[in-house]
Structure formats: C-alpha cells, structure tokens
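Take a look at these structures.
Next, two complexes with subunit A in common: one pairs it with subunit B, the other with subunit C.
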Partner chain A sequence: MRKTLISLMTVAIALAVGVLAIALTSSSPREALKYFFTGPFLNAYFFGNMITRAIPLILTGLAASIAFSASAFNLGLEGQVYFGAIAGTLLGLTMGSVPVWLTCVTIMIVSFAVGGGIAAISGYLKAKWKVNELISSLLVSYTLINIGDALLEGPFRDPRAGLAASSYMDSAIRFPRILMPSNLHAGLFLVLAIAVFVFLAIRFSRLGYEIRITGSNISFGAYAGIHVRKVVILAMAISGALAGLAGMVDVLGVHGRVIRGFSSGYGWNGIAVALIARRNPILVIPAALFFAFLTSGAEVSSFFTDMSPEIARIIQASIFYLVTAEGLLTFLKKRREATS
Partner chain B sequence: MIGSFMHTTIVMMTPILLAALGGLFTDLSGMLNIGLEGMMLMSAFVSVYVANATGSLLIGVLAGVVSASLLAAIMAVFSLNLKANVFVVGLATNLMAAGMTVFLSGWLVGTRGTIVFHEAPRLSRIDVPLLGDIPVIGRMLTGYSVMDFLAIGLTVACFFVIFKTSYGYHLRSVGRDYKTAESVGISIYRHRFAAFIISGVFAGLGGAALSLPLRAFVGGMTGGRGWIALVAVVLGRGNPFGVLIASLIFGAASAVSNTLQAVTDIPPKLLLAVPFVVTLVAMIIHAVRRHDSLEQQ
Partner chain C sequence: MINGKDVSKESTRQRREAGLAYIPEDRIALGTSASASITDNIIVDRYFKSDFSKAGWIRYSFAMTHCRELIHRFDIRSPSVLFPVGLLSGGNIQKVILAREFTSDPSILVVCEPTWGLDVRSIRFVYDRINEMKTKGAGVLLVSSNLDEILTLADRILVMCGGRVVASLANDRALARREIGEYMMGIACQPEFEEVEMSNRHA
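Now for the complex of A and B:
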C-alpha cells in the first residue's frame, strides 16, 4: 500500500515537473498540454504507435527487473539491445532458402543468446574477481555501441539507404501489423506472454527463488546452500538475453532492418520501468505503457505546437530521481505536520 | 611525433582527471558517484553557453561549476535526505543532464545539433618560449591551456587536503568505518554532503575543460568520460596521484584513438571504442590483482 502510494506520488510529481517546464517554455502552453495528455489517444495511428513504443520497453523492463532482483546492476542494457538486434538481423540477411518461420525463430534465438552472452561476461567478472558489474557492463555496452555503429556505417551499410542502416530483411519475416495505419505489430502478444512467464518463473521456479534470496541477502543465500555466483551470472545472462530480444522484436515488428542508433534509450528507460514497477514483472507492463505515453505525448505535442519533445526526457529523469526516494513519504508527512 | 602524442595525451587527460578528482572525494566518503558523467555534460553546455553570452571565460567556467554542483546537491538531497538508492540517483543525474542540455540548446540556441559558439572567448594556449624548441619532446612541454595546469595543480592540492588536513582525515574515516567515525562525533551526513558538492565542482571544471577549448557543444559530448573518470577513481586507490596515473593511461588511450583516426583508414567509430576497452581491461587487471593479494593473505 505504502509502496503503491510512493509510485503514484512519483508519477504525479514528475508530471508536475513536466507541466511546469511546458508552461514556462511554450508560447501556447494550453495547446501544448492538451496535446501532450490527449495526443496519443487522438486516433488509431498515434495510439498504436504509443503501444508499439511500449513493446521493447516491456522486455528491457523485465531485463532490468531480473538483474535487480538478484542485486546485480545491469547498466549495459543499451549495448545488449543494440548488438542483439544487429547480430540477429545480419544472420537474417544471410539465411537464404530457409522457411520464413524458421529464420524468424532462429534470429530471435540468436539475438537472445548474443544479448545474454554479453551480459554474462559482466556477471562472470563479478562472480570471479568482484569486478563491479555496474561499471563493467556499462563499459562493454559503450564499446559495443561504437562497434555496432562502425558495422552499420561500413561493411553492413546498405548503399541504397539514405542513412546508416543495414539492408531490409525479407518482408515475409516481419511480424504482422495489427492496428493499421500504425506500426503496432503482433510482437505485442509475444512480449506479454514473456512477461507472464517471467512473473511465474520468478515466483514459482527454483531459479526464481534463488534469484530472490540472493538479491535480498547474499550471505543468507550462500548459507542456504545456494550457489550464489552461479545465480548472479545466470541473472545477468537472462537479463541481457531479454534485452537482446527487445532489439530484435523491435526490428522484426517495426523497422525490418537495423538503423544506426535505433534503440537508443530503450535500456535506460527499461531500468526506470523496472524501478517504477518495483521489479514486479506484471507491473512492468503498465509502467512501460506509461513511459511510452510520456514519449508519445511529447512527440504529438511537439508535432502540433512549439513544445520540445525533450520534455519527455526531463519527466522521465524526474521519475528516476523520485522512484527510490524511500524517505519521500515521511518527508512530506513531516512537512504537513510542520505547516498545520 | 612522440612529443605531439604526449601533448594530446595530457590534453585528453585533463577533463577525465578533473572529474576523477571530484569522484575521489565521494569515493573516500564511502559512495560511488555515478552521476559524474551528467555533471560534466551539464557544465560542458552551461560553461560554453555563458562564456559566449558574457564574453568571459571565468564567468563561463563559474556558471558551469555552479550548474554541475546544483546537480550534485540534488543527488545529495535525494540519496542522503530522502534515502534514495545512490546508483539510481546517479542514473537520474545522467539522464536529466542528457535531456536538459538538449532541451536547453533547443530552447536557448534553437538547434539540437552541434552548436559552435563564435562569440565565446578562446581558451588560449600558453606557449613557453624556448621549451617548445627542444627536439622530440618539445611539443610535450608547452602549449597547454589554463585548464591543463589547473588539473595538475589541483591534484597536488587534493593530496594535501586528503592526507595533511584534519578534514581529509575525517573524510577518510567516514568512508573507511563510518560507525567508528560517528562514535567519535564526526558527522557522516555533513561529510558525504560536502563530498557530493566537491565532486560537482570538479566535474563542472572537467565539463568546462571539454567544451571551452572547442568553443562548441554537441549533445552527449562527454561520451562516457565521466564513467572512465569513475574507473580512474577505483584504480587510484584513494590517492590523488594514483588517480592522476590512471587518468594519464586513459588520456593516452584517447590519444591513440585520435592519432589513429588521423593517420589510418580504420573506421573512426571503431577507434572510439578503444578508450572503453582499455578502461575495462585496466579495471579487470586491477580486480584480479586485488583478488589475488586477498587470497594470499
């Protein structure tokens, strides 16, 4: 109850920051605010694209939730998303005369494995030599983002494309669209199913139990006979794997190819989504929808008025500030007592 | 060639070293400050923007330092007063700076791309006569800006503050064993709060050292330097001179990347990855050695 209250208050304060920023900087604040809040619901196009935005965020949100549940800070989500998608797409482009469904499944598995492998490196370094996984995962991510950019600007660039991007994969491989004219695609169902699966796995599976115990108290975990190092590596690997899949699902559903920097922000926002959801895999879904709403609202509003789309990023950062502020409730309570 | 490479190394080192010295204070107080990147970025924008608007480098640097310290103060309030997770607050700082600088540049300058500030005064290079004429290493010895000298000077100053003053002694005791420190009447809260502000001041100088020589700002221009600085803090083992050596290594890695971009056909993006690889390897070597020495005991 108290936690729900903090979450709601976090959202309310962050929105207030956004409203204030809009009011201060827009020449037509009334219009800007109207489009910010109602824009994503104006028509099927805006609405569908908002839901589409939430799809990769649900996966990166789950990715962050799992790592955090084991007390492992996976800050390399950005690179895992990007590189997972690049690896899968490049494979998809080279698999010629194979049935489409087989290609589709294979490249999703590859992106899953690549993302997982990348994150497992940091998990291994932490388990083996106590290398801070927060910094190592981030450094690996920065490295891979640069390498990925180099691949898309150089050897894998489609010379016919006007921007740094790979060639398009066979259009038959792509997920069907489910709400024309928007980008919303059938990947949504896959992602929702994964969220439910992760929820059940964390609650009821042995590994889920071990992850929760390791996360809440490492020495107790070791005392209870849990192979703590193995659990940390596994949690990081699963986290990275879901991140890699997030990139691939976005490519299969929306772009049909990898574009340089297409997934920028998916990882960071996934972390925020996981924190708002308090690491609960089911609550990740509404949290991701909320983040997608902020980005879409700002985009639609900047489309119709002079509002800056960066407002969304400022609101999202405000949420980050507030979301783990445990002292917030007591702070406000004291204020009320002091003023009354 | 060697002299010019060493020169680039030191120029590349300066922003990292400045931010790392700041991170050293939070580290000594017992906290990992992952908001350095955001503080640097904020100051990189504010310092060059204000220098451009006022025509004064000094006011520009001060404004940058204030903006970064403000972010540091917010970090301190959230993590110390409101008991928010310090890592999460650090992430918030980075995201806020990334969003805020692009927002401000769109609002104030009207563009979101690379902004060149033509009115900003030049950060002049100080050329010492004769020194530059020395063969081979001459280029290494001269032609640095005030910021480069400031970074080295502050390293020495930090060493004295940390090891030769009672403040430094108290700060280290807070980080090493806060319960004992508290029992003898040293305020954890005050030391940690102050450490955050100091880290903001230094990170602000680091950000200014990045944008002022270029007289330009581009979104995300810190490009991970705050994180590299954080690793320099870890490798420096609580000693400003250790931090200096680590920063020098990372400066050299950036200089290698820069030099190769100029003289080879290797894709520039691939070379941009070099400093991160070097930083990662350095961190792993450090951890392995510490691990081994602990096992031997």
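Now for the complex of A and C:
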C-alpha cells in the first residue's frame, strides 16, 4: 500500500516538474498544457499512436523486471532491442518462398534468441568470473549499437532509401493494423499475452520461484540447493530475449524495416517502467502506457503550440531521478539494517 | 560421507537429497528469505519434487496445505502461510527453519546455535524437536557456544580451542563443567589430540 503510494507520488512529482517546465518555456502555457494532457485522447490517430508507443515499452519493462527479480541488472536492453530487430529483419529479408506465418514466427524466434544470447553472455560472465553484469551488459550493448549502425549504413542499407535503413520486408509479414489511421497493430495482443504469462510464470512456475528466491536472498537460495548461478544466467537470457522481441515487434508492427536508431530509448525507458511498476509484470502495462502518454502528449502539444517536444524527456528524466533515488535509499536502508 | 556415499564433490541439492539437513547460525541472512512467504521458505528444498510441481509449475494448493500442516505441527504463530517470514518473531522464524529442515527426513543434521536469541518457550520447543530427531535415529551435530545447551542435548562432546579439537568427552553426570572449561581455555589437552598438535607444529 505504502509502496503504491510512493509510486504514485513519483509520478505526481514528475508531472508537476513537467507542468512547471511547460509553464516556463511556452508562450501560451494554458494551451500547451491542455494539449499535453488531452492531446493523446483527441482522436483515434493520436490515441492509437500512444498505445503503439507503449507496446515495445511493455516488453522492455518486462525484460527489466525479470532481471531485477533475480537481483541481476540488465543495462544492455538498448543493444538487445536493436540487435534483436536487426537480426530478425535481415533474416526476414532473405527468407524466400516460405509461408508468411512461418517467416513471421521464425524471425520473432530469432530476435528472441539473439537478444537472449547477448544478455546471456553477461549472465555467464557474472556466474563464471563474477564480472559485474551491470557493466558488461552496458558495454556489450554500446558496442552492438555501433555495429548495428555500421551494418545499416553499409552492407544492409537500402540504396533507394533516403535514410540509413534496411529494405522493407514483405508487407504480408507485418502485423495487421487494428485502429486506422493510427499505427496501432495486432502486436498489442501478443505483448499483453506475454505480460500475463510472465506474471503467472514469476508467481507460480518453478523457474519463477527460483528467480524470486535467488533475487530475494541469493545466499539462502544457494544454501537451500538452488543452482543460483544457472538461475541468474537464465534470468538475464529471458530478459534479453524479451528485449530482442520488443525490437522485432516494433519493426513488424510499425516500421516494416529497421531504421538506424529506431529503438533509441526503449531500453532505458523500459528500466524506468519496471522501477515504477516495482517489478510487477502486470503493473508494467499501466507504467508503459504512462510513459507513452508523456511522449505522445508532448508530441501533440508541440504540433498545436510552440511547446518543445523535449518536455517529455524532462518529465521522463525526473521520473528516472526519483525512482532511482528512492531505489538507492531503500538499498542504503537495507544495508544499514544488515550491518547494525 | 552420508549413508556410505561420498558427497564431498556433489552439489548442495544432491547433498540435501542424500540426507543432509543444516540449521545455520544466521537465521535471517542464510536460513530464510525474509521477504518471501512462509510457504516459499518451507518448500525451498522440495518444490521440485513431483508432489509439489507438475510440468514446470508449482502446485501451490498442495504446497499451502503441506505448509499449513507444518505450521500447526511446529506451532508457528502466523496469520497465514503466505505471511512474509521477515515479519515473524525470532522464535517463529527459527520454527519455520525447523519445519523445513526437520521434515526432509534427514539422516545427518548440522545444527548451529539453534536457540540463540530465543525465548524460553521456543528454546524448550527446539530442544524437544532435536531430541525427537535423535530418537528417530538421525545423527545430530550440534555446534554451540552455549554450555548448558550442549550439556542438555549432547551424548558426546568435542571441545575446540584455537581452531582445533582438544578433547572428546562422554556427556555423563560425572562430567564437570570445570573440566570442559579447562579444555576450552587451552589449559588442558587430551593426549591423543596433543599428538596432532605436535605433528602440526613440526609440519
């Protein structure tokens, strides 16, 4: 109860910061605020695009939640999202005369596996040589983002495209749109189903149990006979896999191809989403919607007024500061209790 | 060696499965997960068994019935089996650990400082359960700094001083507290253990 209150407070304070920033920077703050809060609900286009924005954030939010639940920190979500999407798309472009559904399923599995593989490296390094997974996942991710950029600028760039992007995949592979004229696509149902499944799996499955116990007290897990190193590697792998899938779902639903830097911010925002949701896979859904609402509200408001769309970033940054500060305080308090 | 099987290279789970149970000295940091429920704390050494899980999913209805029984048997005072262990009193936390470690049908029990910080009622309870395990035929290795506790429970006492065993004594009426004290302080040492000391020094 108290924790929910803290989450709501975080959101309220961040919104207050946003309102203040809008009031200070806009010449018509009343208009800007009106569009900021109501804009995403004005019509089907804005509303659909807001939900579309939340789709990859739900997946990255789940990805971060799973890693956090095992007390592992996957800071490489950005790279896993990006590279998962690149690997899946490249495969989709080269798979020839195969039934459409098969291609679609295959490339999702591949992006899932690639994202998972990348994160599993950090999990393995942690289990084997106690390499801090926070650092290793972050470094691997930055390297992969640059490699991905290079691939899209070079060998895989569509020469006809005006920007660094791959060729379009067959439009039949892509998810159907469900709310014209917006970008909202059927990937939403897949993502919601995954969120419910992850929730049930963390609560009631054997692996979910092992992840929870390992995350709550790793010495206890080891003492009781749980193979904690394996659990940490698996949790990292599943986390990365969901991130890889997040990129692929966005490509299949919205873009139809990989554009350089299309997923920038998905990973970091996913971490913030998981922190607001307190690792609860179901609460990840509203938290992701809230983040999407901030971006959409700022975008709509900047259409109609002189407000800058970067306002969304300011609000997101305040949320980030607040949730991490609170997380740090709880951590320090715990440590104080443990040492006294 | 457990029941004639060498377990020194086995995993923790294999050792537990071979019949080892362990009540650690630090019941909060090692013996339990404070934020997890009583059920999750009790099933940690058995959740993977066929009664408790099916096709990768834990059967919580079965697990909770099992834990309700144990709560009753071990007299754990808690509003429910889903109550977080960290919010229980020290005595009840220790009983949760006993409920787990004493019901895994162990043949060897390592028990460290089992009554540290507990109230008299809980201490009595813990002693009764340990004696019960003894009569069931389990080997109990009690590690304790509480002399009264050792004299109450032990059949044979190994006294350690400076990281070495210095005496092995049968716990009978004739045994004087003073005698144990001398061994503990390093004033006296039984001859068979002295040998060890000498050869260690030469090496």
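One rule holds in what follows: the second predicted complex is superposed on the first by the 323 of 340 C-alpha atoms of A that agree within 3 Å, B and C clash if a C-alpha of one lies under 4 Å from a C-alpha of the other, contacts with A are read in each partner's own complex, and residues count from 1 in each chain.
The criterion applied here is as follows: contacts are C-beta pairs under 8 Å (C-beta built on N, C-alpha and C of every residue); 3 or more make two chains touch, one makes a residue touch a chain.
The model shown is predicted, which means the values in this text are computed figures rather than measured ones.
> Of the two partner chains, subunit B (first) and subunit C (second), which one does A:321 touch, if any: first, second, both, or neither?
It touches subunit B, and subunit C stays clear.
> So, A:130: does it touch subunit B (first), subunit C (second), both, or neither?
first
> Of the two partners subunit B and subunit C, which one touches more residues belonging to subunit A?
Touched residues of subunit A are more numerous for B.
> Considering only the touch criterion stated at the top, classify A:143 as touching first (subunit B), second (subunit C), both, or neither.
In the superposition, A:143 touches subunit B alone.
> With both complexes overlaid on chain A, does A:25 touch subunit B (first), subunit C (second), both or neither?
first
> Contact-wise, after the overlay, does A:154 reach subunit B, subunit C, both or neither (first, second, both, neither)?
After superposition on chain A, A:154 lies in contact with subunit B alone.
> Figure out whether A:227 sits in contact with subunit B (first) or subunit C (second), or with both, or with neither.
second
> Considering only touches as defined above, state whether A:189 meets subunit B (first), subunit C (second), both or neither.
neither
> In the superposed view, which residues of subunit A touch subunit B and also subunit C?
None.
> Touching residues of subunit B toward subunit A in the complex: what are they?
Those residues of subunit B that touch subunit A are 32, 34, 74, 78, 81-85, 87-89, 91-92, 95-96, 98-100, 102-103, 106-107, 224, 227, 230-231, 234, 267-270, 272-273, 276-277, 279-280, 283-284, 287-288, 290-291.
> Write out the stretch or stretches of subunit A touching subunit B in their complex.
21, 25, 73, 75, 125, 128-132, 134-136, 138-140, 142-144, 146-147, 149-150, 153-154, 268, 271, 275, 308, 310-311, 313-314, 316-318, 320-328, 331
> For the complex, give me every residue of subunit A touching subunit C.
204-207, 209, 212-213, 216-217, 219-227, 338
> Enumerate the contact residues on subunit C facing subunit A in the complex.
So the residues of subunit C in touch with subunit A come to 11-13, 15-16, 22, 24, 29-36, 40, 44-45, 47-48, 53, 56-58, 60.
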